[in-house]
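Chain lettering (A, B and C) follows the sequence in which the chains are written, and residue indices restart at 1 in each chain.
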Amino acid sequence: MSSTAQSIQDAKLRADIDRSLRHPVMFFMTSGAAWLAVSIILGLISSAKVHSPEFLSGFGWLTYGRVFPAHIAALVYGWGFQAAFGVMIWLMARLSRQECKSAGIILAAGHVWNFAVSIGLLGILGGAGTGVPWMEFPTFIWPVLLVTYFVIVVWSFIQFRVRPSGYVYISQWYIMAAMVWFPWIFLTANLLVFVFQGHPVMAAGIAAWFKSGLIFLFFTPVALAASYYLAPKVTGRPIFSYTLAKLGFWSLAIIAPWAGMQKLTGAPIPFFLPYLGAAATALLFIPALAAGVNILRTTLASPEAVEQSPSLRFSVAGIIGLLVFGFAGLFLNLPGSSLKLTQFSLSGYGFEILALYSFFSFIMFGAIYFIVPRITRREWLSRRLISMHFFFSVYGIIAVSVVALFGGLMQGIGQEEWIQPWINAATRTYPYAIFITIAWAFILFSNVFFFLHLTLMWLRLGRRSSHPTLLVSHHGGSSPHGAEGDIDNAGPGSADAHAH
Amino acid sequence: MSLRHFIIGLSVSFGLAWLSVVVIPFVKMRNLAPIALNAEEPDSGPYFPKRAGRVANGAEIYASNGCYNCHTQVVRPTYAGNDLFRADWGGLKADPERGDTRRETNAYDFLGEKFAHIGVSRVGPDLSNVGRRVEAIYSPENPSRWLYAHLFNPRYEADREKSTCPSFRFMFDEKEVGTGLSDDAVTFSDGRSPGSDTTEFVPNSDAKALVSYLLSMKKDQPVPASIDFAPKKAEEK
Amino acid sequence: MSVPNSKPDLDESINVAEAHGRIIREAAATAREKRIADNGREPVSLWLVVVIGISGVVAGGILGNGGAWFDYQALFKPGYVRDAAPGGDDSGPKPKDAIAAYSTRGAKLYSAKCAGCHGPDAKGDGANYPSLAGSKRVLGNTDALAMVILNGIQGPTSSGKTYGAGIMPPQGAGMGAEDLAGLMTYIRNGFGNTAGDVVTVDMAKSALDISGKRAKAGQPATDAEVMAEHDKALPGEPLDPATMLNPVTLQPATE
């Protein structure tokens, strides 16, 4: 009797935690999804302008040089950070078994973040961008973002401190690390580029280090935290190897801070720095492999779970994205061959999108499909909407990543053919650019479904049911959860509801 | 692993890299010592490549319009790329006075700017020496004319009809023609100018600043021996 | 946030079944979650270690390119000397004298457009296609020659003889000034012809212009028309045939 009582107690605590966090987490998810859609539209426009420069031309606010940075800013600061915040605060609360008492403050801070990002984006499109890649917001924005960030995450830090003593989950280490790394990187980069006057080329180097740090030391750990939580949770199996998990974490912590400067190979900065950056980026294949193998072996031990559960399927796709991304990091940074070819090509964009979408975003989608039913107490409305989201995103992102990486290589080969006039190299990108535009259209299509679905959930229009929305429908009630998709008119929990 | 150990481990692993790769080079490069122009003559003064033109304003326009997304401003040494083999990127291969003036970008080439627009990718050519190219090859008689024409409609000229440079038409104002075309009105190489019979397109202050900045991009001055990497001539060996 | 009556610790006053039902009803998703089990203790497999080792070796190789570590003073590779362009001591194609430079271009066009009829040796076949070697037209004034190339010719040629069906199709479609200049220079100075001068790009531009302004623009020329109206040199600055040019750009190369 006591173990059932224990599990009731547990379920109750979890339900209370979910309820306490409902408003801020739903806000971050939905608002993030809206920013994702905005970012993809901007990405579509800028990709179209690469092969059809007369598309929407003549307007200052839509010129490629402003639309493209706006696309990246919306993707990173609008979608990336907000999805990360939603997942971070929910995960830390659950894993530390603490309810959130500051939901109102977090929600307010989230609105401030939204406002700051909107102003920043309008600033970029209006011609007030700073010209520093990934730091294009007008310079008054970054302090606002930093303060807001602290207001959002400090409660998670506190929750960790007051957690009941005992086991610390690997996800908690990743979230704690991300919470420490991001402000350190953000403050350093913004101070050394905008506030303290240094050498202009070193400032460019620090901006490149910032870009790499954001990818590897904020988005990567948050995504890994989510997948290290989802994999055992949904399958019910233990993480494959704790040793591998530790190896993955510490190798990331030790290697990633050195990466980034390879963007400045050949520029007049201390000679060893770009090669150190290239070596570190290549070595980051190790944490990618460690985490990837660990999570895949955990989940693929129960393939039916991967088939059925949307969260798990998205997570596994994201982990495969991680492995591809890690390998691309190895492959693109060989100084004798690929580095000089891809340094100034489409491959850089492909690499960033691999990280931000095929790895980070897919895992965030997985986490969202898991978290939202719990905090809204409704199930997802439609299996088909989830499937559409999944498949169109997968097609789209494989196209974008592969085409950009390969196309960049071709472009780079053309660039290095110095005897030919430049137009030869410039025209090499045409077919790849067209492909990428089409791929973004697919991804936009998929995310429209996602945003719609999420909004309906936010409006509490999800299914009232005790049966989850799974990707595989079981006709005839052979699933342990009973016939999927039914609306219990007599109220859930009546008659044949199951308990775990 | 306790929280204490975790924080220490994190701080050491990150802090070491942060110091080595970010803070120390930042501080050292901030205090880059000037090099004497001529090592043998101590009074020759420092090597200080001057840049004529509205560098600061123009750099801001360059930055806010995202030119760095498609154009780079770094000529890489030969171990890092083939930029120097091109005839007009690192300088001019056949300058009438000095012969081959091509060289790599060095640390003194960005004086006057706060942030070096090294660039994200090369859809368009490198711009380190665009000022030299325009003045020596494209339109020596009126260098800014070429640049205004390019910014207005990059695809007009036959040899660049496949260019994907955006059109910066929004930096030009359409005005009534006075007695004749203004000096800086947009005209193409065949003498034609956009606009109707009675109007011309005149650059606004943003365009003027940008063109002034681009024309200042001449990074092939002679350099002191310590950063001169040209192969030594046979008789000096 | 908690329901007012709930107690943090489970004690006898809580009706387990009722609490159970309430949780299932309201927080179904939460209730059905599985617990995270203890982490596995599977050993790290050997192939993983091998792959990690290989990545380490690759990264070590990359680092090897970096020279002395932490040498903040060296902004370039120590001992760096600029390489010469591979495949030659110049970058780009070697400069040639003007006639050779233009002819390089013209030769390509000739074999594409003209050799099919006039023959690769430009000797024609005597009956259907006239010979260009020693041709009066080719060695004569450049305006006339340009008109024939661009518009074709109908009827007898400069030698008075009519070849074949008496019509040469126009070749001007898609031909730019540089191509025309190259072709004319090539046929005037090759195949035994020795005109000894260069048809420059500017002259070719004028030719294109003149061709467009013909009274019978669009129709093939005739010998009579060409001799009457076009028997002169094309306008344009003559170019010293000894000038060294870049054969790709046809611009002067001072080397």
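To be clear about the criterion, a contact is a pair of C-beta atoms (placed from the backbone, for glycine too) under 8 Å apart; a residue touches a chain by one contact, two chains touch by 3 or more.
The structure displayed is predicted, hence computed values, not measured ones.
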{"item": "Mutual neighbours - chains that touch subunit A and subunit B alike", "value": "C"}
{"item": "Pair exhibiting more inter-chain C-beta contacts, A-C or B-C", "value": "A-C"}
{"item": "Reference subunit B; chain at largest CA-centroid distance", "value": "A"}
{"item": "Approximate Å spacing (C-alpha centroids) for the pair subunit A, subunit B", "value": "35"}
{"item": "Intercentroid distance (Cα basis), subunit C paired with subunit A, Å", "value": "39"}
{"item": "Subunit B and subunit C: spacing of chain centres that average the CA atoms, whole Å", "value": "25"}
{"item": "Shared interface positions of subunit B, touching two or more other chains", "value": "20, 25, 28-29, 77, 79, 85-86, 104, 106-107"}
{"item": "Residue list for subunit A, restricted to those that touch at least two other chains", "value": "268-270, 276, 335, 418"}
{"item": "Numbers and ranges of subunit C residues touching at least 2 other chains", "value": "70, 72-73, 75-77, 85, 91-92"}
{"item": "Subunit B residues touching subunit A - in the complex, by the definition given at the top", "value": "1, 3, 6-7, 9-10, 13-14, 16-18, 20-23, 25-30, 32, 59-60, 62-70, 72, 74, 76-77, 79-83, 85-86, 104-107, 109-110, 113-125, 154-155, 159-160, 162-171"}
{"item": "In the complex, subunit A residues that touch subunit B", "value": "49-51, 53-54, 57-60, 63-66, 68-69, 127-133, 160-161, 168, 173, 176-177, 180-181, 184, 188, 192-193, 196-207, 209, 217, 250, 253-254, 257-258, 260-261, 263-270, 273, 276-277, 335, 340, 343-346, 348-349, 415-418, 422-423, 425-427, 429"}
{"item": "Contact footprint of subunit C on subunit B as seen in their complex", "value": "20, 24-25, 28-29, 77-79, 84-87, 93-94, 96, 99, 104, 106-107, 158, 227, 229-232"}
{"item": "Subunit C-touching residues of subunit A, taken from the complex the two chains share", "value": "1, 4-6, 8-12, 14-16, 18-20, 99, 101, 169-170, 229, 232-245, 247, 268-272, 274-276, 278-280, 282-283, 285-286, 289-290, 293, 297-298, 330, 333-336, 373-374, 377, 379, 418-419, 421, 465-468, 481, 491-493, 497-500"}
{"item": "Contacting residues of subunit C [partner subunit A, same complex]", "value": "1-2, 6, 10, 16, 19-21, 23-44, 48, 51-52, 55-56, 58-63, 65-78, 85, 91-93, 248"}
